[in-house]
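Paired with chain B in one complex and with chain C in the other, chain A is shared by the two complexes that follow.
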Partner chain A sequence: MLKIFRDLLRFNLEFAIGTLIVSIIVGLSVLSFFSPYPPEDIYVVAPDVPPSWEYWLGTTSRGQDVFWQMTAALRNTLLFGIAVAAISRVISLTIGLVSGYMGGMTDRVLMSINDTFIIIPLFPILVLFYFVMRDSMSWALLALIMAALGWAYDARLIRSVAMSLRTREFTSQCIFSGMSPRQIMTREHLPYVLPIVFSTTLNNMNWSIGMEVTLSVLGFTDINTPTIGSMLYWANQHTALVAGVWWWIALPVIAVMMLFIGLYLLATALNEYIDPRSRLSRMGGAA
Partner chain B sequence: MKTYAIYLAKRLLQFVLVVFIGINLTYVISHATPIDPVEQTISALTSFGNTSPEAIETMRESLRELYGMSGTPVEQYLSFWSRIVVGDFGPSLSAFPTPVSELILRALPWTIGLLVVATVLAWLLGNLLGGLAGYYRKNRLLKAMGLIAMGLHPMPYYVVAFVLLVVFGFMWPVLPISGGSGIGVDRGFSFDFVYSVFLHSLLPALSLVLVGLGGWFLGMRALVSNIVTEDYVVYAELGGVDRRRILGSYVMRNALVPQVTGLAMSLGAIFTGAIITEEVFGYPGIGSLLVDAVHAGDYSLVLGITSVSIVAVSLAVLVIDLLYPLLDPRVQVE
Partner chain C sequence: MTLHQLNNHLNSVPETAPTSPALRVDGLKAYYQTRWFGITREVRAVDDITLRIEHDEIYGIAGESSSGKSSLIKTIAGAIRPPLNVVSGSVNFDFGTRKVDLYSLKPEERTAIRWKHLAYIMQGSMSVLNPLRRVRQSFVDFAFRHMGLPMPAFLRAVEEHLLKLHLQPGVLDSYPHELSGGMRQRVVIALATVCRPGFIIADEPTTALDVVVQKSVLTMIREVQREMRASILFVTHDMAVHANLTDRLGIMYAGRLVEEGRTRDLFRNPRHPYTIHLIRSLPRIGDAEPRKGLEGTPPNLADPPPGCRFHPRCPIAMDVCRVVVPPMQSLGGGHRVACHAVTGGTVQ
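== the complex of A and B ==
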């Protein structure tokens, strides 16, 4: 495991850049635990100070230090992405493995439901959800509903792998030696799909973080928890661009763009590593 | 022909299922939550002054009737469906007494226009360039485009639209950044109006195309670079078939099939992107209407837009699915 990681770092440029970006962001979010100010409090420092030696990235119109605010925001945003990804992985793994292994009618029914969730436009539904929940909308609740809506695409991917695993000889051997379908799925097939699960996790995090930023900027989440989205929301509320407080908007936007690119690069590098064809072409063998 | 009929039946069934699950989802969300929209509306209406208890009681009754919240759960569920089927979502609260359906119908052409143009443009350009990049792997320009596509693809629509807004609104103000057409321009079929609509749609469309392009580009490049190694392509090359013909009729034609399926699959996400983009640029479509409705506390409008979006997107997917056999004849033969 460690050896693979080292080799990927050395030979795969995308993986190396992705790792670098993501570790910087994780480092920043860990720093939030050493913040001199509580992140929810406002008017703790002088407002509207441009970047300087005292305040590295300036301060907001709400009297918050942009640097420390951003560390807390990145931490919450990252945690949100991880929470959504973790919960939705459970759903997509279950549906994907069961559908791929069982086949037949089970597969058809599950995949029809699955395709439905792929097609349905999720944004209006999330907005409706916020609309009825209003002030009781919390960070955890949003993560839960996003996970319940965002598993379908990856379930399809996992199913396609599970389907090919079913025709392999070791599966027949498992069946003949009397393992139950549940045992086969969890003990034999699960380890095979784990690498894919890992790369879909990163893409799913990108999706959920993007959605969270969008909803927060519009004010459709719990805007008092500092996240990248709520930071932009407050900046927009104070018309930071017109007022010339550009650092309040530019820095979170840059940070979240870096996060997207970092996670995406990691996901593509992993995908490429998993797919033997592209590994061959990288080695200079075929094509 | 028989296989086509089976294919058709399957797609129609899927369409019905999407609408069914989607509408049920909105029903569950709007009815099973602890918060009562009727009480919310009443508290919003009565917060401006004193209202007599009798008046509030009458208001509660009529709002329950209006929102389809009177009667037993079964009755509520049935009345919910009967409203959707005929497209009657009651009057809008924020634009009383205009019916919700009229507001939606007014906004829908803007969204559909923007969406169709941007999606078609992104899909065609992305596939064309991606196909070229997969076939001519050594080309520097196409390699550079691959890098750009990689950087743009993971961006959420909101961030790209917002960056464009900042660049073209504050740093280099050459394009209109808000609205659907100029304020002083008459809404008729004149050159001025069309030109103004075109100018106003440039930035929203550009942000949709920029995000969409990357995905199609990367997908097509990967597909084409796999197909290029197939034996029949090598054979065609050795046989001296014109390279442009190989790329056009042998390689791209085959690679397009999964890309069309991909388009049907991602239409919901693209629609989401379009309504977010509209909100950023103040474009008078469904997206802006939805956000305004939430801020105004307009329950029936939010519910109406959500239901219409689900039906509209699944209809669009159905249309793509029905055109699919034209591209992939195997559907009819199997």
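== the complex of A and C ==
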């Protein structure tokens, strides 16, 4: 595992850049624990100070230090992405493996549910959730809802792999030896799909973070928890651009873009590594 | 339990005088049945097969592709899944200590006799090992539940078994792709026989190997059989392997057994026209005469020809062959054949 990591760093430029960016972001979000100000508090410093030696990235119109505010926002955004990805991975692995292995009626029922989730337009649904729940809508609840909506594509992907695994000889051997379907799925089939899941996890994080930023900017989430989206929301509320407080908008946007790019590069690099055909085509020559 | 006691335990199979054959298959019919939008299709892959396999015997089944060999032994092993269904007939095993009628058992009882009494080396056994799991884990996955030993004793028993089969216990730590084809095949055989089963079913275990490795695998199978005094049902289309290994041989054609007898008798004195062609097609050292192939292809088992299924390709087909299914009749000495031309007394 470590050796693969080292080789990827050395031979895959995308992976190296992606790792660098993501580790900077992770480092920043860890810094949030050492913040001198509680991230939710406002008017703790002088408002609207441009970047200076005292406030590296300036302060907001709400009297918050942009740097420390951003570390907290990045931490929450990143955790949000990880939470959504983790929960939705559990759902998509379960549905995908069960559906692909069991086949027949189980498969048809699960896949019609799956396809329903694929065609549902997510954004209006999420806005609707906000209007229905409003005050009770929290960061954790939103993560849960997003996870419940974001598993469908990967469940289909995992199902397609599981369908092929079901017909291999070693599966027949497992059945013959009397392993239960649960054992076959978790012990024999799960290791096969994990690499694929790993690469889609990163894409799923990107998707959920993007969705969260969109919702927050429009004010359709709990805007009091600092995230990149809610930072931008407050900046817009205080017409930061018109007022000339550009650093309040520019820095969170740059940070979240770097996060996107970092995760995307990691996902592409891993995808390429996992798919042996693209590994060969990278090597050039006749494969 | 010490290792010594364990060995005694494993070797102390009670010596009861076998009264019934190790395997008795009676009138077995297994069809692939599909029904879709009211249309039913039936492929009669195993049609009315009756055979006996004695204790301590290697029985071979030969036949060309699509003759129903694999379907037959899947049915005998009880490893069938829809659409393959048993239509009628019975499969009775006598494991010495236990007699079972396979298709009257509950599914969990059927699982319980596998590995312990009945081993099945599957077709394409090159790929029965999960490529993502080490060989040791495959042994645990497949055989542990059937051995009824605690884990350390189980692993010790596995290592002993491998040593007995001239395999280094080091293979347990490798992944399947790290082993060569012949090695993998031998590991699979070791895996199937680790519980010292009384009956071993082997479906083309030597097919993907070159002749040198084939020989070592066959030697290993024979050693296993001698040591455990097990019965083996061995399936391959390779007549040379049958000539080397099996005691008795059954020839299948289009889902039916057409001839059966001691391997030596069958090679020296084949009676069924299909067997005659099969044996004649084998190359012999010093014989430069070109071999003649048999015209035509095996019939479609969804719509087999009436009467004898071989008659469209048979050079000596008579009118009766097109109407009446020839019954299996004994010629004495354990030699049985299903052919009107032979049993009707008008040989060629």
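By our rule, the second predicted complex is superposed on the first by the 284 of 287 C-alpha atoms of A that agree within 3 Å, B and C clash if a C-alpha of one lies under 4 Å from a C-alpha of the other, contacts with A are read in each partner's own complex, and residues count from 1 in each chain.
Going forward, a residue touches a chain if its C-beta (ideal position, glycine included) is under 8 Å from a C-beta of that chain, and two chains touch if they have at least 3 such contacts.
What you see is a predicted model; the values in this text were computed from it and never measured.
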- Using the superposition on chain A described above, determine whether A:90 touches chain B (first), chain C (second), both, or neither. neither
- Task: Quick one: classify A:192 as touching chain B (first), chain C (second), both or neither.
- Result: second
- Between chain B (first) and chain C (second), which, if any, makes contact with A:241: first, second, both or neither? first
- Give one of first, second, both or neither to describe whether A:20 is in contact with chain B, with chain C, with both, or with none. neither
- Counting only touches as set out at the top, which of chain B and chain C does A:115 meet: first, second, both, neither? first
- State whether A:176 touches chain B only (first), chain C only (second), both chains, or neither. second
- Could you look at A:46 and tell me whether it touches chain B, chain C, both or neither (first, second, both, neither)? neither
- Task: Look at A:268 in the shared chain and tell me whether it touches chain B only, chain C only, both, or neither; answer first, second, both or neither.
- Result: first
- Query: Which one hits more chain A residues, chain B or chain C?
  - Reply: B
- Query: Can you list the residues on chain A that touch chain C in the complex?
  - Reply: 168-170, 172-179, 183, 187-188, 191-192
- In the complex, go through chain B and note every residue touching chain A. 13-14, 17-18, 21-22, 25-26, 29-30, 33-35, 37, 40, 150-151, 153-159, 162-163, 166, 170, 225-226, 228-229, 264-265, 267-269, 271-272, 275-276, 279, 290-291, 294, 299, 302-303, 305-306, 309-310, 313-314, 317
- Message: Applying the document's contact rule, which stretches of chain C touch chain A when the two form their complex?
- Response: 77, 79, 81, 108, 111-112, 114-115, 120, 122-125, 127-130, 132-133, 138, 141-143, 145-146
- Query: Of all residues in chain A, which touch chain B in the complex?
  - Reply: 112-113, 115-125, 127-134, 136, 153, 206, 209-211, 213-214, 217-218, 220, 232, 241, 249, 253, 256-257, 260-261, 263-265, 268, 277, 286-287
